[in-house]
Amino acid sequence: MRRSVPMLLAALAVMMAGCEKKTQPASTETDTSKQAAQGQGGTAPATPPAGTPTGEADTILLGVATSLTGGQATFGVSTRNGIEMALKEANEAGGVKGKKVAMRVYDNQGKPEEAAQAVTRLITQDKVVMVLGDVASSNSLAMAEKAQAAGVPMITPSSTNPSVTEKGEYIFRICFIDPFQGYVMAKFAREHLKVSKVAVLQDNKSAYSIGLTDVFTRKFTEMGGRITSTESYSQGDTDYRAQLTAIKKSQPEAIYVPGYYSEVGVIARQARELGLKVPLLGGDGWDSEKLYELGGSAIQGSYFSNHYSPANPEERIQKFVADYKAAYGGVPDALAALAYDAARVAIEALKKAPDTSGKALRDAIAQTKDFPGIAGVITLDENRNAVKPAVVLEVGDGTTKYVTTVNP
Amino acid sequence: MSPGAEASPPRQEEAPLLQADSVSIQFGGLRALTDFNLAIRKGDLQGLIGPNGAGKTTAFNVLTGVYRPTRGDVRVAGRRVNGWLPHQINHLGLARTFQNIRLFRALTALDNVKVACRAQGALHVEGADLGAKLRGALRNYRDWWRALLLTPGFMAEERELTRQAERLLEVMGLSHRRDEEARNLPYGEQRRLEIARALGTRPRVLLLDEPAAGMNTREKADLMVLIRKLRDDFSLGILVIEHDMKLVMGICEQITVLDHGETIARGAPEQVRSDRKVIEAYLGDNYLETHGGAA
Amino acid sequence: MAQLLQHLINGLAAGTIYALVALGYTMVYGVLKLINFAHGDVMMVGVYMGYATAFALGRQTQKTFLGVVLIFLVAMGGCALLGFLIERFAYRPLREKPRLTALITAIGISFALSYGFQLDIGFLPGAAPRAFPEIIQPTEWLVIGDRDVVVWNWQVMSLLIAVGLMVGLQWLVFKTRFGRAMRAVSYDHRVAALMGIPTDRVIAVTFMIGSGLAAGAGLLYAIKDTSVSPLMGLYVGLKAFVAAVIGGIGHVPGAVVGALLLGLVEEFVVGYAASTWRDAVAFGILILVLLVKPGGLFGRVAAEKV
Amino acid sequence: METSSVPTPSPGGLPPALRGILPVLIAVPVLLLFDRLLASAPFATYLLSIMGVNVILAVSLNIVNGMTGQFSIGHAGFMAVGAYVAGVLSLSFKETALSFLPVAASDQVFLVVALLAGGAAAALCGFLVGLPSLRLRGDYLAIVTLGFGEIIRVVVQNTDAFGRALGLSGIPQTSSLAMVGFWVFLVVLVARRIAYSSHGRSLWAIREDEVAAEAMGVDTTGYKVRAFVVSAFFAGIAGGLFAHFVPIINPGSFTFVKSMEIVVMVVLGGLGSTTGAIVAAVFLTLLPEALRSAFTVMGAEGSLAQKVDQIRMPVYGLLLVALMLLRPQGLFGMKEIWEVLPRWLPRRRKGLA
């Protein structure tokens, strides 16, 4: 046994020596070596995906992976409904090149490993030509890794974290990103509400919330405002009085709460209870009918940034809202609208592309320009992100009021 | 053996293997043991008796390190062991059995003994010295590696353990139960297996807690012979807790009598039997009737 | 100063609820030496029962005094029944088995309840949180300054209810025949059975009382935080359990002290230090207390009989 | 798992120095072959990898919960430590390679180093958790391990280097089926050899009767801590592997629920049975997959197949309760599959006759 220790040390020394030797001369070829490294583990994007030849079937299958169980299940359900509706409409209009478009949905339970498993199953077992999903950015990231490696295009309807589309050229997004949303609220607070002191209450369990907080804090300070205090909570909490009491002491003129509706409603109630009368500000995580139930009258008069307003009088939007209500009951939230848009972008790409190979579809999606989506006009930039305006909505009694649109 | 153990002459003969110096223990307000003294040397065969709740088992627990004495010292092989852990005290050569049999029920008879053999063969972490502890821990981790790699030394050690354990089973007449799970053994054999297991730790002093409980007369007679034989063959000092007066009087050379945690008598069997206090506290208590007579 | 006072009030309000839940843990542990992991989830079920009752009563009736009493009665009664069923069919058969078996069973029940209630099949409510109706119209009981410190009627009410229940429990355990039987069972249920104490019945009733208390606590909790969700039991249950262990599990006043302590510490950690570390602090205290005083602040570690 | 059936007792007539590592020498080429065969089936590879990770977790937890009789319900915490440490290492050495090796091989070397670092970090945590808390009795230990898992989560959520709530993404996907298989094989080998050595007997003794074990000279605290360390090490390895094929980790993957899944596997397999843990882990990993496929084939698109995921957790709960009531010793009890199967088979034959 004693002999093995020096041997181990020697081996370690050799390895370390090797390491250092490599790094300097290899700096030019790191890119290729990295490429190869990834190819070793999964499949290199250059190799044609396994699921290409689906020509003989009379349906084209799209894959959907989203969270249908767990804390954010309502988001996943909206996403699925939106996609389902778009597919139904497309099929009623004659499908794509004479073929029907169908989807296969898997639940990722809100966990990245399940998302990765679901997307792998979609691509290799079900041989889908394209993947749609998810809402939560960490799940989309896991899916993006697999889709990129397999060379299957993926469109995320509503993941706002910038890093998702950075995974590679097969990953697209049709909504705006967190930095923009943070900027929108900062601008709105400064210019529209004309407040200069804002407190922040972030959800420490959610990357989305942390991301928005960071950008908002930066932008708001740049615009001459002041963040009076930053507090945090964890998803699933129900008592926020300690944080709110601390916030109250800092005497803000508004509170930025970039969390999810499930917590925001309760936060609003407790803020009012503690005598905090200032408006709350938030992001698209607020968008759910549940918000009115949970927040009651306390949440009224607060603002959040969103992808679209169901109150927008434009005809196609009203038609979408009416159709959705008829099919699923309830006003479609932004996630449903975005999912609907994503599916339509996907169908459009299927129509335009010469075949259903990953590369052809990828190129077709990348060319999306001035596409009239429900949630804004979609033009994809060189980073495969949509450049879109955001709307700011005011919460009313069981509904929202359109306030303003902020352009990028 | 020479009486008057408390005032043992210094340096003349070797220190007792097990010694209790006015040990007291208190649980909350309850004084479970008061000024308990004891000395056991090689070759001793002593008894510890007393009515129920007199503190006999408590005394065992203090001696073996399960409880820490509130006052007084316990010395094993000349070392003060107050606050030591039971396994450390065991490594100094003190082994015991339990009143309510505590075998490793799901292990085979052989494995029961092997556990004890192994533990003794392992390391001696003595006292609370940090350096010793670290050395011991490191050696233990190395031992695990040897087991994982099945080194020749490790294999030989395992074979040696098996051989030792088999020999002890043979001594206790349990060879035919070698591969039987301990819980499936009949009561008497379980008691004997406990003794075999205790012997596996290669003790110099053996504490037997009611070894004859639940045995019939014949088994008891056999046990008496066996205990004597063990003392001689393994050159042990033995301390027996026993309810059965006949057994205690029959084999012990010196008897300590406890009542309410206090030592009320000590001496040779005849001496104790005629002690007035003992008769009052112990034999007077309907004891003769219920236990079918002693003297 | 005003802020400090407000934190104190918040902390006490949270602490009293923890205390009521912690009492259930402590009672069950007292008689069965079992950590009833499912306790928090029983509480959650109770809250949903109250929620359903409130709905059945309608917007007007649920706010009347009788309506509130009815809601509490239904929830507490229903939970007592649930507790009885769990004890009868899941724990009783395991009483003579190793303690680990019962612990695993408790964890299993906790899982089945908290995840079962997340399904949206049949009567099950689904995962999304719901707003608990304001069955008690919140009014300000005490306002200091320009709403610098606000104390609400329900905060006072839940404190009174909690204290009342604790006193009642203490009286039950130490002054009644049933309490004596409970203590006997707690000491050694086999011996108690030999002495003619109906052990099964005592344990069942203890379970029912504990579960009923949990339902009451859960309702107060739902009134306080205005929302219900299937996972609330796990969160609150865990915290209450921590509180019970800190106080010394099996010790009634200990559970209360532990719970108030935990409520205050959490409040002050969030209010004055880093709110992100709150959950770590709760468990940190737990581990610290267990290391320094393995039996909790008031409990004693019973020396194992050898 | 494909490796599980390799029995530990090695054939005689071999040079003794070789005997200890012989099974490894046999396993490696077999695994590599297997890996090659499945190279064109990414889904099977993914599923088998997940399964392998679950097997490692279950078998390692079994060392503490089964063999030693302690009750840890914070295993996911150790897994998280391993995953994060290995993930951070791999991310920071992503661009580096060893000059004297082909890139693929050098990646594997880095993977192994990252895994070992993750395992070591987890083992250290195991030591830290184990050392003080193992003095506590069963249920208290359970709650402390649970608390430990939660504290890990909070720490990760507040550390920028660990990506906070978003977690780490872009970890190189260098893990392969052969690598996972190799560790599965190793953990099984280690568990078996511990179980059949004097160390294992000491662990069993602690499980059976701690007081008696202590009185027989077994350093119970020491053994418990060592069991914790070994168990945590492999949980860390499992986490590291997990991080390298998912390949994104965030705190949501290592919650109390994950710990409970592992506990269910160990209890279902039988506390103390290594093969039981393997069988249960394989079964519980494949069950939802199989049900989902079955529903999909039956044409119940969507609705039913999704219910599988929904009802999985409550079913786990009920399964635990039913198991404790009907068969508390689990599938195999303390025994291994080859000790149990022969006894089952004749009985069934008798039943048929």
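What to note about this one:
For reference, chains read A, B, C and D in written order, and residue numbers begin at 1 within each chain.
Simple rule for what comes next: contacts are C-beta pairs under 8 Å (C-beta built on N, C-alpha and C of every residue); 3 or more make two chains touch, one makes a residue touch a chain.
Since this is a predicted model, take the numbers as computed values, not measurements.
The chains other than chain A, kept where they are, remain one piece by touching. Here D is the chain whose Cα centre lies closest to the centre of all protein Cα atoms.
Using the mean of the Cα atoms as each chain's centre, the chain most removed from chain C is B. Centre to centre, using the average C-alpha position, chain B and chain C are separated by 47 Å. Note: centroid distance chain A to chain D, computed from Cα atoms, is 33 Å.
Measuring from the averaged C-alpha position of chain C to that of chain D gives a distance of 34 Å. One finds 70 Å separating the Cα centroids of chain A and chain B. The multi-chain contact residues of chain D, meaning those touching 2 or more other chains, are 157-158, 211, 310. Counting partners per residue, chain A has 69, 204 as the residues that reach two or more other chains. Taken residue by residue, chain C touches two or more other chains at 118, 276, 279, 306, whereas all remaining positions touch fewer. By the touch criterion given at the top, residues 40-43, 46-47, 50, 94-101, 103-104, 107, 109, 113, 157-158, 163-167, 169-170, 172-176, 242, 244-253, 292, 296, 301-302, 305-306, 309-310 of chain D touch chain A in their complex. Contacts from chain A toward chain D in the complex involve residues 15, 18-19, 21-23, 25-26, 30, 33-34, 36-38, 40-43, 50, 68-69, 104-107, 109-114, 116-117, 120-121, 123-125, 137-138, 141-142, 145, 149-150, 161, 163, 167, 204-207, 209-211. Across the complex, chain D is touched by residues 35, 90, 93-94, 97, 99-105, 107-113, 115-116, 118-119, 121, 234, 238, 241-242, 245, 274, 276-277, 279-280, 283-284, 286-287, 290-291, 294, 304, 306 of chain C. Interface of chain C with chain A (complex): residues 3, 6-7, 10-11, 13-14, 118, 126-131, 138, 147-148, 150, 152, 221, 224-227, 229, 231-232, 235, 266-268, 270-272, 275-276, 278-279. Against chain C, the residues of chain A that register as touching in their complex are 69-71, 73-74, 204, 231-234, 236-239, 241-243, 245-246, 248-249, 262, 265-266, 269-270, 273-275, 290, 293-294, 296.
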